[in-house]
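Per-chain residue numbering starts at 1, and chain names A, B, C, D and E are given in the order in which the chains are listed.
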Amino acid sequence: MTVAVVLMALFGSAWLLAVIEGWTTTGRLSLAAPVLSGLAHLGRESIVPRSPDRVFFEAAPVLLLVVAVLGAAVLPLAPDLIIADLGTGALFINAALAYVLVALIMAGWGPDGAYAMIGGWRFLGQLIAYSMLIVMPITAVAMRAESLVNTAIVGSQAGLWNIVYQPLGFVLFFIAAMALAFRAPFDLPIAAGELAGGVDAEYTGVRLAVLRLARLTLVVTLASATTVFFLGGWHGPLLPPWAWSLIKTLAVAMSMLLAGRYLPRIREADLMRWCWTLGIPLALVNIIIVGLLVLVVP
Amino acid sequence: MSATQQYVLLLGIALGTVGVVLSLYGVARSMGRTRREPGKDVPASAGILSRDPVWGRYHARYYGYALLFLAFDMEMAFMYPWAVVYKEVGLVALLDMGVFLAILFLGLLYGWSQGALRRQ
Amino acid sequence: MTSDPSITATGTRQKRSSVLQKLVSRALARNLSCLIVPGPEVALAHGLDVKAAGMRISSTPRDAGVLLIIGGLSEKMGDAAAVLYAQMPRPRAILMVGGQTPSTLPDADISAGFSQEELTEAIGRLQRALAEGAFAASPEDFDSSVLHASIEYVCPMHPEVVEDEPGSCPKCGMDLVAREAGESTPEHGHEHENHHDHEHHEHEHEHEHEHEHEHEHCHDDEHHGHQGHQDHEHEKHEHGDHDHEDEHAGHDHGEHDHSGHDHGGSGFMSMIEVTKDLPRSADGLQMDWLEVPFGPVFPGLPGGLKLTLTLDGDGVTEGQAMSLVGMSTAGEDEGMDMDMDVETFLEHLSTAMPLAPVSYRLLACLAIERVAGLEDDPATAGPRAAALERERIASHLGWLAQLGRQLGFAWLTERASTLQLEIQSASRERLTELEPALRALAARLGRTPLLESRLRGIGMLPPDSTELRGPIVRAADEGGDAWARLWQRLSEISASLDLIKEAEEPRLPALRNIGHVSGTGEATVDTPRGEARLSLKLERGQVKSYRLDTACSHHIGLVAGLVEGRELGDALVAVGSLDLSPWEVIS
Amino acid sequence: MTAVLIVALLTGAILFGIGLYGALSQTNLVMIMMGVELMLAGSMVNLVAFWRFLHPEAYSGQMFVLVVMTVMALEMAVGFGVAIARFRARGSVEMEEAEDLKG
Amino acid sequence: MYAQAFFVAVFGLAAIGFGVVVFRTSSMVRSALALLFSQTAVGCMFLAMQTEFLGVLQIMMMATEMSIMAIFMVMFMMDPGGLGGMDMSHQKRFSIGAGVSAAVIAIAVALLSDWGPAADQVPDAAAQTRALGMELLGRSMLIFETAGITILTAMIAATAVAIPVQNPASKNDTEASE
């Protein structure tokens, strides 16, 4: 039961995001558009490049979708609306999402095409940049909650959301989450203007549909993680807990989706330099500030 | 729910997702197979048919970052258990981790000064 | 042209009895995405708004169902279009706007003229055709000679010398030998190879080859000496378990891989030997360099421009650009009789330059009038100047839209192309109304985060660059990078607006009556991309010969210097910042 | 209960064996490191099994696994550093390159 | 109990299977990713053995580390795509002997030793993590700080060896060209 509800919420949000995305790109708000486009993808041919690495090529979209779903499975919608409330839930998210990289490397290497391969290796560089900015803010969150259990983390924000308690951590995490979901302006591995689709370039038909679904689900998962870690999860007045979770998740996901429209793509060299020379020191500062706050403020 | 049951549930969800994807593939397959035609299976490259394999030795210019990352990443293994008990232990934990992080930060600074933090 | 509601057999999918088909066909019809050949900027320059007409614009053939061809294509672009069409998944269709379908492609499914109404109507027809006939009983394979390896000519002594045409080697003067492009050794006849290629496709139908399998196979027969010969390895790989391939792979192919050096011969391949002659990157590591085509139909670059970059990782070691659509001077040079009516010549020149038709029409008018000895007429000069300035604004907006596409900056692309479409045919009054919008766009770009870091320091010209013209040379004083060029273009937009406000109503330049004069004339016009010069010779009112000198012909030579040693993204930004119009490149 | 321990220990042993084979048989520095990683993975399996089934109260067992993981990462960092330097100097990371050249 | 044995065995077999693939494929990226999945399977074994923190940590760390392994493989192997299908090994017989004998000895020790009674219960994951934290800040504090020093040493060593020394002039050049 719980499983069904959570998965419906997940894919429902992904569908809503697809509607919004379609709205921003075509200017028409149509609830049926994602379904139609999915059907159209089913109707197209799904070309397999004369791929010397068929296994990678086939595995990549599925792996991406699986890790996005697994990530969402450990995030609570409401105190009892969670598929698996692991003892190390906050760490499990990281572990699941680390395989986004693996999926992209597979997708890049598999088809033996230049654009895809460059895209795949670019994303490895991107991971090296954003990865620490995902884990370090989560550490600071865990310090306050004294736990890695996701429901406990939400519980610790009953009085004050973490976005207020540790705004620096929120900013870093949000940016890093966008980089993880390779949304614009961090869409280096799939950059249309630079790599003509990059890792996506060789996927067509139903495989492309799965890949698109996986990317949207990934955005929802990350938005949900942001909600749980920084926006107080299900806490909120009046509405039932699950509604608050969903509203916050959708708001974060939409802001991730829309931010890219108004920004040019970042340079890879800049991304790496800024993350390492600015982001990581700031994340350390965040940990120290939170450390002091936790000790000083009861 | 015990931890083991939770893992089994997660495994089941993963397998279920794979199953859904496979059934989608099945539906797509029912529309007909991909027709083999000349040029179609060559990786697309902007209107030029380039058949050369691209799997060569690839120059990853971020290897300086990668080396530092490999070492720096390990810090996380220690930070999570630390974070969980931090409040309980108090100031000692802060000092302890402060020293640890300072040591690591030194390594980062060294790498920075030596030019590891740039495209090679 | 199609009353029959179905797309051609080269585009449909094989029919299978499926209940879903009907539904899927309708979904397909409502989800059109197109790949524009030569490029979206050409559609915009013709005043076509593809998105408003109901199609998404896709960046790769893999994601497109419609090949939208705008205008007539040059021969090389026809080849590229055939490759793109072949790489599109079925069901696919060809929509031709103006001009003839290139001979490499099947006849267009739907044709339309250069107007938004016709385009919208054509897309409607296409949707009906797709909804009815996306699946057919007997689709045909699409095949074209372009899809089989082409012939190129190499020097037997210098593997790095590769030419498209027979001739002699520039290094040693030996006659060049024909071989299949992408192949390595001259001894294989191409017919044999073509045959081979078919065979490979057939085999692939039957065998989903397994990697491990192939590995063991190679293991046994102990050839280690042909690593550089990747193409053959590839073939062999595809076949995997076919014995006749062994002989093939056993040849001693000594002398070619992508970097073209020699390491064959010895029984055991040594890595030191492989790497010792390779050129080194700046950090001293020798990797395999990869030659990757960017263009002619690449989302980040103007269509028709073929940029070939040699990549070392994601860094560019060298690059060269060529235009596949540029005007060739052949047959139009002095000494050749061409006999063209002046009006025809006017049309010819302005349609040959789709990104700046007004400027070139004006240029031709001026040059022809010079022959007749006519001086500037204040009555026509004002409207002409206004039309030129209006085109300058539109062209710069088109460049901004292209910049947005390149940088994934969707807002900029939308804003700039909307404005461009509006301004192209705007009256003076309308232009004045649009002025605040243009100024707001500039202000907004100044405030956009990441944009400056993306453009600053990119595309610096080498100090000894000569023959620079237009915005590029005017931006050279301000730092001479892509950022300075952006601001130069923005300030030219506002300067042009001021000029138009003081000038008269813009009107398309029309030729004054000159009668049947003879003689030579020369004129210069400051086109949006820099000065263009035209000198022509008339005999009794017929254009005998002409010589055109454009800014882009010179600017395209800058590309090699701009991309060298850059990161891939930066190199593309640098090339984009030049605002090359491949049509204005005279070869 | 001991059955699980034995299964884990067997797995660890076999992983260690495969890793040792790889480390000894490969000619390339990076491949040798992969062998070493497998050996370390094998030993980690053993350590975790010992902790879980023999001394669940002694968390130094888990601590030890953390240290082994650190060693893995550091081995890679230093190993790749050496590989880069060696490649830069010699154009190869094959360990037996000199002999190969002789014939 | 049986379920536990089952899962440990399944993931153990997966780890071994992927471990074998590492040295049997000629595509270097496959090789590295096979190692990655072997390590992931080891992580899953940890989970099956109720050592959740270490298991999840292993799964997470190895994804990134082995991917970095993959890029270094692609940089430094002669034929990363495995298109040439060449053999990159030597002293095969000796290595097989060594590997087999090491495994056999370890198996023998595992089977022949008397391991005594096995513990039935372990604390749940949250408690384990907490206990590990206490261990980290208590008895094992020195080990923890030593690990810090070791990481520092490794960072310095790797940087010093791998990053070419550059004179200030050329450094400015490269910075400007970034």
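Quick notes
Convention: a contact is a pair of C-beta atoms (placed from the backbone, for glycine too) under 8 Å apart; a residue touches a chain by one contact, two chains touch by 3 or more.
Since the model is a prediction, treat every value here as computed from it, not as a measurement.
Hopping across touching chains, the smallest step count from chain B to chain D is 1. Common neighbours of chain A and chain C under the contact rule above are B, E. The chain with its Cα centroid farthest from the Cα centroid of chain E is C. A comparison of the B-C and A-B interfaces places the larger number of contacting C-beta pairs at A-B. If you average the CA atoms of chain A and of chain D, the two centres end up 32 Å from each other. The mean-CA centres of chain C and chain E are about 47 angstrom from one another, to the nearest whole unit.
Taking each chain's centre as the average of its CA atoms, chain D and chain E sit 6 Å apart. Here the spacing of chain C and chain D, counted between their Cα centres, is 50 Å.
Of all residues in chain C, those that touch two or more other chains are 13, 20-21, 24, 60, 62, 87, 89-90, 204, 211, 230, 233-234, 237, 271, 274, 282-285, 287, 290, 292, 298, 313-314, 567. Residue numbers of chain E whose C-beta contacts span two or more other chains: 4, 27, 30, 50, 52-53, 57, 61, 64-65, 68, 71-72, 74-78, 81-83, 124-125, 128-129, 132, 134-136, 144, 147, 151, 154-155, 158-160, 162, 164, 174, 178. Residues of chain B in contact with two or more other chains: 3, 7, 27, 31-32, 34-35, 40-42, 44-46, 50, 53-60, 63, 66-74, 76-78, 80, 83-86, 108, 118-120. Counting only pairs that meet the touch rule, the chains in contact are A-B, A-C, A-E, B-C, B-D, B-E, C-D, C-E, D-E. Those residues of chain C lying in contact with chain B across their complex are 13-16, 18, 20-21, 24, 37, 60-62, 80-81, 83-84, 86-87, 89-90, 135, 139, 141-144, 146-149, 182, 197-198, 201, 204-205, 230-231, 233-234, 258, 281-283, 285, 287-298, 306, 312-315, 567. Contact residues on chain A toward chain E in their complex (touch as defined above): 52-53, 55-56, 86-88, 91-92, 94-95, 98-99, 101-102, 105-106, 109, 112, 121, 124, 127-128, 131, 147-149, 269, 273.
Listed in rising order, the residues of chain B touching chain E in the complex are 3-4, 7-8, 53, 55-60, 63-64, 66-78, 80-86, 89, 92-93, 96, 99-100, 103-104, 106-108, 110-111, 114-116, 118-120. Interface residues of chain C, counted against chain D in their complex, comprise 268, 270-276, 283-286. On the chain B side of its complex with chain A, the touching residues are 1, 3, 6-7, 9-10, 13-14, 17-18, 21, 24-25, 27-28, 31-32, 34-35, 40-46, 50, 53-55, 58, 60, 62, 65-66, 68-69, 72-73, 76, 79-80, 83-88, 90-91, 94, 97-98, 101, 105, 108, 112, 117-119.
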